[in-house]
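One structure is given here, and the rest of the page talks about it.
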Amino acid sequence: MKKRILLVFMLVILSVFVFANGAKEEPAASTETVQSSFQVTEWEIPFLNCLTGPIASIGEYLEWGAERAAWEINQAGGINGVPVKVTGIDTAMSPETGTVEMAKLAKNALVVMGPVPEPVILAAVPIAVRAGLYSFTATTSYEYAAKFFPWAISWFSPTEEKLPPVVTAWAKKNPDMKNVVQFVENYGAWPGMAKAHEIGLEKAGVTVLNQVDVPSDAVTFGPLVVKALSQNPDGIVFAANAEKVAKLILELQSRGWEDNSKLLVFSSADDGALYTTGGDNLNGVMIYNYVDPDLDTQRWKEFRAAFKADHDGMEPFSLSPNYYDAVYMIKRAIEETGITGDPAMLKEERIKIRDYCNNIQNFEGLMFNWSNKDGVPQDKPLFLFKIENGKKVLVEKVVPSNK
Amino acid sequence: MEIFIAQIINGISLGSIYVLLVTGFNLLLLVAMIIHFSFPIVVVLSMYVSWIVLGLTGNNIFLGVIAGIVSAILINIITAPMFQHIMKKRGDVDINSTMVLSMGIGMIITDFLSHSVNSGFPIAFPDNLTGRNLGAFFQIGMISISRGDMISLSMGIVFVLGLFWILYKTRAGRAFRAIAEDPAGAKLVGIPILKTGLQSYAMTGVLGGVSAVSIAILLGSASPGLGDQLGHKVLAVSIIAGLGNLKGGLIIGILLGILEALVQGYWSGTWSNSIAFVVMLLAILIKPKGIFGIKL
Amino acid sequence: MSLPLYYFLAITAVYILMTWALYLPYRVAHLHFIVVANMAISGYFGGYAAINWNWPFLLILAVGLILGAVVAFIVSIAIGDAPTFAVVIVGFTFIYITKTVIENWEALGSTMGMFGIPMVNHVLLVAYLFVLVTGFFIYRFDNSRLGRAASAIFVNRELATSFGVNTKHLGMFLQTWAGAIGGATGVLYAFIMNSLFPDFFTFHIIGITMTMLFLGGYTTMWGPLLAAPVLWGLPLLLPQEVASWKMIIYGVLLIVILLVRPEGAITRQVAARVRSIVLRR
Amino acid sequence: MNRQNETILKVDDVYLSYGHVEALKGVSLEVKRGEIVVLVGANGAGKTSIMESILGVYQSRKGTVTFKDKNVTNLSADKIVRKGIYLVPEGRGVFASMTVIDNLLLGAHHNLKNAKAKLTYVYDLFPILSERRNQIAGTLSGGERQMLAIARALMSNPEMIMVDEPSIGLAPKIVSDIFKILKELNKEGYSILLSEQNVYKALKLSHRGYVLETGKVVLTGTSEELLINPEIRKAYLGA
Amino acid sequence: MLKIQDVSKHFGGLKALNKVGFTIEEGRVHGIIGPNGSGKTTLFNCITGLLPLTGGQIFLDGNEITGFKPSVIANMGIRRTFQSGKLVPSLTVIENVMSGIYDFQKTDIRDTFFRLPFKKSKKEAELREKSLSILKMVDMDKAADRWASDLVWAERQFVQIARAAVSNPKILLLDEPASGMGPVETEQVGYLIGKLKLRGITPVVVSHDMKMLMNVAEWVTVLNFGAKICEGTPETVQNDPKVLEAYLGDE
C-alpha cells in the first residue's frame, strides 16, 4: 500500500519535471504578418514597482508620475482613442517576487514598466529579455540598461561620458577650490557615478583626495567626516543616499565647515529625505540633477502643482517625471508604429515598440525634448542647483556635447 | 593627535548609543528573562511616536518626550507578557524562541514604519529638540561636541546611573533582581510577582523611552531601518560582554563605538561592520560566556 | 508549464532547501545563519566560474556544494558544540564579512551585482532532484539513531551524552551538512535568477526562512517543506492591497504560532497522524 | 506566651498535586502559638509540599488553611507573607547574586519602616552577618546561608516561621548552632513549623511532631511520645 | 568491576565529595544512600564524566577511565538515568528507548543514508526488537507507539530506565528511580532492579526510599557530607550507629 502511494507521488513529481523542461522558453505568438483587424478596448501597461518595504515611498512617487500621465492621456482621448491604464504590481525589494511577476507578464504584456529596485532589475529583466519583452527599467542608471540592450531603455546618458561636465562646471564655479574629497556609499551604481565625478574634477584641474567610504548602515558620521577633514579638502562631493548626505553635511558644519557652495550632492540623493533631514542647514549646498523644478512650461507647472497637492506641498521627486515620460513614450510608439495590441501579433509589436523607443527622435518629454540613440538619450541636459530653503535654485544648465 | 582625539570622541558618541540600547536589552534580560533582539527597533518606534506628537503639538518638546517614554512603556507592558508566556519553562530552547518572537515584533514594526509614517521617509527632529541650533558646546578644529550631544549624553548618563541606583539601592530594584534570579523564591519572600513584574517592564520601558529621546537628540533623525542597523550590534555587544552584565555592556558598548570610529577613520568605512564583528567573533571564541561573564 | 509557475517552483525549491539548511542545525538547537553566507559564497563562485571559465552547471553545483561544506566544516570545528548565542553571532559575522568582500570585489560585480550567468537547461529538474535527494537524506536522518540523538541534544545536552552521543561530532556533522545544502542552493539560485545581488544574501532571507521554519515546525522536515510554498506562494495570490502587508502578516503569524503552538504547525505528532491516515486507506 | 493554647495555624484536609504526581492526600495539622512543631518523614513524603501549600505557592491545592482565625486559603503567597507567616525554604533559598544586606532587606520587602531596627536586631542575633553585610550571598558558606535565610525571615516581622530542612548538607556542629538559634527564637515568641530529616535532634527541640508518609499524616503526638516510637525509624530506614 | 578510588570533587570551597572510595562488584545490586546534599548525584556525575574530578581515579575493569569524555564512558558500558526523568517529548516511547543505543563512530552510513526507499533496515529492525523486549521488561510495551509527552510521571521513569538499559550496559546508575511514585509503582521499581540484574546489568541505585532500597540492594554504601561513612550489607548498614546518626541525628 505504502509503495503504491509513493509511486504515485514519484509520478507526480516526474511529470512536473517533464513539463518543467518543456516550458522554459515561452512559445512566442505566431509570426504571420497579416494586417489585423483586432481592436483593443484598453491599453494596459503593467508597472513592476516597489510599493512596500524600505523604499516604498519612492515607488509611490514613480507610480504617481505614471498614473498622472495616463490620466492626462485619457483626458485627451487616450491612445488612438482607446483608454490607457497603468497597473501597479508590487515586487517590494524581493528579486524572487520580481521573477514570478515578470514571468506572468512575459506571456501577454505588450511592454512593461519597471522593475524598479536594483536587485529586482537584475533578477527580472533577464526574463523579459528572453521573452522578447521591452522593459522601461533603467530609469536611474545607464549601466543596468546597457547590460540588457536592446531590451531595456535608460533615462540617463552613459555615466562616465555625460556626468563629468556638470562636476567640472561646479568646480569652475569655485576657482579657489584645489583639493576635493568624495564621500561614496557602496551601493548599486553609485561607485561608478563617483568615478565619473572624479573624471570631471580632474578635468577641472582639481586634485582628488582619497575617497571616504560611507557604510550603508552608518548611524553616526563623525568618524567619516573627521577622516575627510583630516585631508584638508576645500571642496566635497557626496555620492551617498539622501539621509546620509544630509547628516554628513550637518556633521561637517558642526566641525567648522562654512562654505556650503563647495559641497556638491549627486543626483540620486535628491529626494525628500535630503530636505527633511537637512532642513535649513542645506542652504547654499550645490546639487545636480536631470530635472529643473522651476521650468517655465505649462505642462510642468501643472504637473508640479498636482504633485504638490497630492503630497502635502512636497516638491516633485526627481524620478517621478521619468515614468510620466515613459507612458507618453509608449503612447507615441503605439501611435506612430500602428500597433494594434492584437495578441496574435504580440511578438512583432513588442519589437516595434523596442526599435521605436530605442531610437526615438525629438521626444517631447515633460521637461525637455530629446532623442535616443541605441536606447540611450542624447543631449539630455544636467542642471546644477543651489539649495535654498528646501528649494532648488538653478545655477547652470549643462548640456553634455555629443561626441 | 587632533584627529585621533576627535575619532575617540566620535567613537564615544556612537558607543553611548550602543550603551543605552544594550542597557535596556540587558535590563529586559535581567528582570524578565527576555532576549529582545529587536529592542532597538522598539526604541525606534518610540522615536517615531515622539516625532508624531511633536508634529501634532507644534514641537512641544515636553509632550514629545513624554509621548516617547509613555509609548515605550506601553509597548513593553504589552509585549513582555508574550515573552514570559514563552519563557515559562525557562529552558535554552525557550530562550531561542524569545529571539524568534522578538524578530517577529521587529518585522512588524519595521514594515509598519516603512509603510505608514512620513511615507517611509526618514523623519527629522526639530532643532529645538536636538539643540542643533544652539551650536557647539566645545570645538577646537575637528574635535567637536555639540550642545545636543552634551544634553543627550548627560541625560543618558543620568538615566543609566539612575537605573543602577534603582536596581541596586531601592526596594523595587531589589525585588526586580529577586524575581529575575528566582521567581519562585521571590514569591516566598512576599514579593507580589504580577505587580512587581509590571513595574519592571515599566522601568525598562522608561529606559527605552529615554533612549529614544537621547538617540533622537544625538542623531537628529530616524529611519525605519535604523533599529535593524543597531539591533545586531546590540545583541553582539551584549553577548560579548556577557548576557545581562550591565557593567560589561557599558564597557564593551563604548569600546565597540571607538573601534568602529577608528576603523572608519583610519581604514575603510565599508569594512567597519566586518571588522567589528570579526573582533567580537574572536572575543566570543576565546571567552564563550562573554568577557565579563553571564549574569542572569 | 508556464513561465510564472516555473519561477514559482524554482524559487520554492530554493526556499525549501534554505529552510532545511536552517532546520538541520536547529535539530541540535543551533540557529546557524552561516548557511546564508555559504549560499552567497558558492553562488558567486558558481556565477564566476560559469561566466569566466565556462564550467558546466553540474560541475559547478558539485563544487559549490563542496565549497559550502568545507567552509561550514572549518567553522564547525570551533562552534560544533557552542551555545546557541555564539552560533548566532558567528553566523552574523560571516554574513557581514561575505557581503563586504563581495561588495569590494570588482570581478564579482561588486555593488552592481553579477550579470549574465548563463541560462542552462534542466535547472528546475536538477533543483527538484536535489530537493528530493536532500529530503530523502533528511528523512533517513530523522528516522535514524542520529536523528534521535539530535532530538535528545535539543532537549538536553547532558542527557544526550549519557547515551554515548558525542554532541560536538553530531553538531559538526549537521553544520557541515547544512553548509553543503546552503552552498548548492546558492549555485541553484544563481542559475535560476541568472544574476546575483549582494543585498539578497543578508537578513532578508534570514527573516523569510526563519518564519518558514518556525511556522512550519522545527521538529520535523515536513514543516519547512510545506511552509515554504505556502508562505512564499500565498502573497503572490492575494490581492495587492493585502499582499503588500506581507511582512506584517508574517510577523503576526510568527508571534501567534509561538504563543499558541511553539513547536510550529506541523509537529512530529501531526506528521505521524497524517501518515497513519494515508497508509490506512 | 501566655496564650499558649491559642491555635495560630490550622491546616485542614489539604490536597495538592503537581501534574500527575499527588503530593498531598488530605493532610490536617495545627500549630499553637509559641510552639515548635516538627514534620518528620522521608524525602518525598510531602513536608515541603505542606509548607508550600500553607503559603499558597500553588493555586492547585484543595482544602482550607486558617491563620490566626482567618481563612487564608485563597490568598496569594505575597499576601500570606504579609499576614505573618514566613517560609525559610529548603536549600536556603537566598538570592545568590545579591549581597547579604540586599537579601535581608528583601525579607522586609513589604514593611521597610522599621528596617533599621530590625537589621540591628538580626545583626545582634547573627554577628557573622553583620561582618559580611556587603558580601555576595553566593560566596557564603552553607551555614552562613542558612543563618541568612533565617535572619531574612525575621526581617519580615513574622509570627510564625516555617523552616524547611535547615540541616541539609551542614556539618553537625553548625546544625546544632542553627537549632540553638531556633530554640531561642521560639523563646522570644515565634511559632515554628519545622521539617527535618535529623529526627532525633528535631524532636528534642520541638514540642510536638507529625510523621508523614507519601502525602499523609501517619502518626502524631508530643515529641516525647514520638521519640520512643519505633515507627519513626521505620519511616526513615525502612526496617 | 568499577573501582572508585579517593574521588574528590570540590566546588569552590564546598567539598561535595571528599576522598570517596568503594568498589562496585559485577552482578551485585549496589545501593548508595545518604541524606540530602551528601553528594550522591555529584558522585554519579563524576562517574559518568559530566563533572571533572578534583582528585582521585576511577577504574572500569581495571582500566582507568578518569577524565574520559562522557560519551566515551557511556559507550564503555556505564549508563545512567536522571532524577527528573528527561524524555524527548517529540519522540515516541519506543524511539526514546531506541535512542539509548548510539555510537557515532560506528554509525553505518550506508545503512542510514544510502538505503533504498523500500528496503527495511535490518539494524533498525533489530534495534526496534531489542527496544520492544526491554519495554516489555518494564511492562511498557503496550505504550510503545505513544508520544513521550503524553506519559505520566511513573511511566516516564520506567521508559527512562528502559532507555538506559537497552544498550545492555555493564553498569546502570539509577538516580532516584522511585521519586514521586506511589507504593505500588515503587514496588515495581524494586522488582525491575532485580530483572536488570538478571540481564547481566549491574544496577547502582541512589534512593531516598529506604524500604525499597534495603529490599533490593545487596551492598550499600552510605555517604554523608561528601564522605563515605560506612558500607556493607543492608543489615549491617541499618544497624550502624553512624548511619543512624546521619539519618536520625545523634541521640
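Things to note:
Just so it is clear, A, B, C, D and E label the chains in written order, and each chain counts residues from 1 on its own.
Everything that follows uses one rule, which is that contacts are C-beta pairs under 8 Å (C-beta built on N, C-alpha and C of every residue); 3 or more make two chains touch, one makes a residue touch a chain.
All of these numbers come straight from a predicted model, not from anything done at the bench.
Hopping across touching chains, the smallest step count from chain B to chain D is 1.
With every chain reduced to the mean of its CA atoms, the largest distance from chain A is reached by D. Seen from the C-alpha centroid of chain C, the farthest chain centroid is that of D. When the C-beta pairs in contact are tallied for B-C and for D-E, the bigger tally goes to B-C. Centroid to centroid, with C-alpha atoms defining each point, chain D and chain E lie 33 Å apart.
The distance from the centre of chain A to the centre of chain B, each centre being the mean of the chain's C-alpha atoms, comes to 37 Å.
Inter-chain spacing, taken between the CA centroids of chain C and chain E, is 39 Å.
The distance from the centre of chain A to the centre of chain D, each centre being the mean of the chain's C-alpha atoms, comes to 77 Å.
Shown for chain D are the residues that touch two or more other chains, of which there are none.
Multi-chain contact residues of chain C, defined as those touching 2 or more other chains: 103-104, 154-155, 244-245, 247. Counting partner chains per residue, chain B has residues 111, 115, 270-271, 273 touching two or more of them. Against chain B, in their complex, chain C makes its touches with residues 29, 31, 78-79, 82-86, 88-90, 92-93, 96-97, 100-101, 103-104, 154-155, 203, 207, 210-211, 214, 244-245, 247-248, 250-252, 254-255, 258-259, 262. If you check the complex, the residues on chain B that touch chain D are 168, 171, 174-175, 177-178, 181-182, 184-185, 187-193, 295. Chain B meets chain C in the complex at residues 82, 85-86, 92-93, 95-97, 99-101, 103-108, 110-112, 115, 228, 232, 235-236, 239-240, 243, 270-271, 273-274, 277-278, 280-281, 284-285, 288.
Note for the complex: chain A touches chain B at residues 52-57, 60, 186, 212-220, 222-227, 229-230, 243, 246-247, 250, 254-256, 271-273, 276-279, 281, 311. Across the complex, chain D meets chain B through its residues 55, 57, 76-79, 81-82, 86-87, 89, 93, 95-98, 102, 105-107, 109-110, 112, 152, 156.
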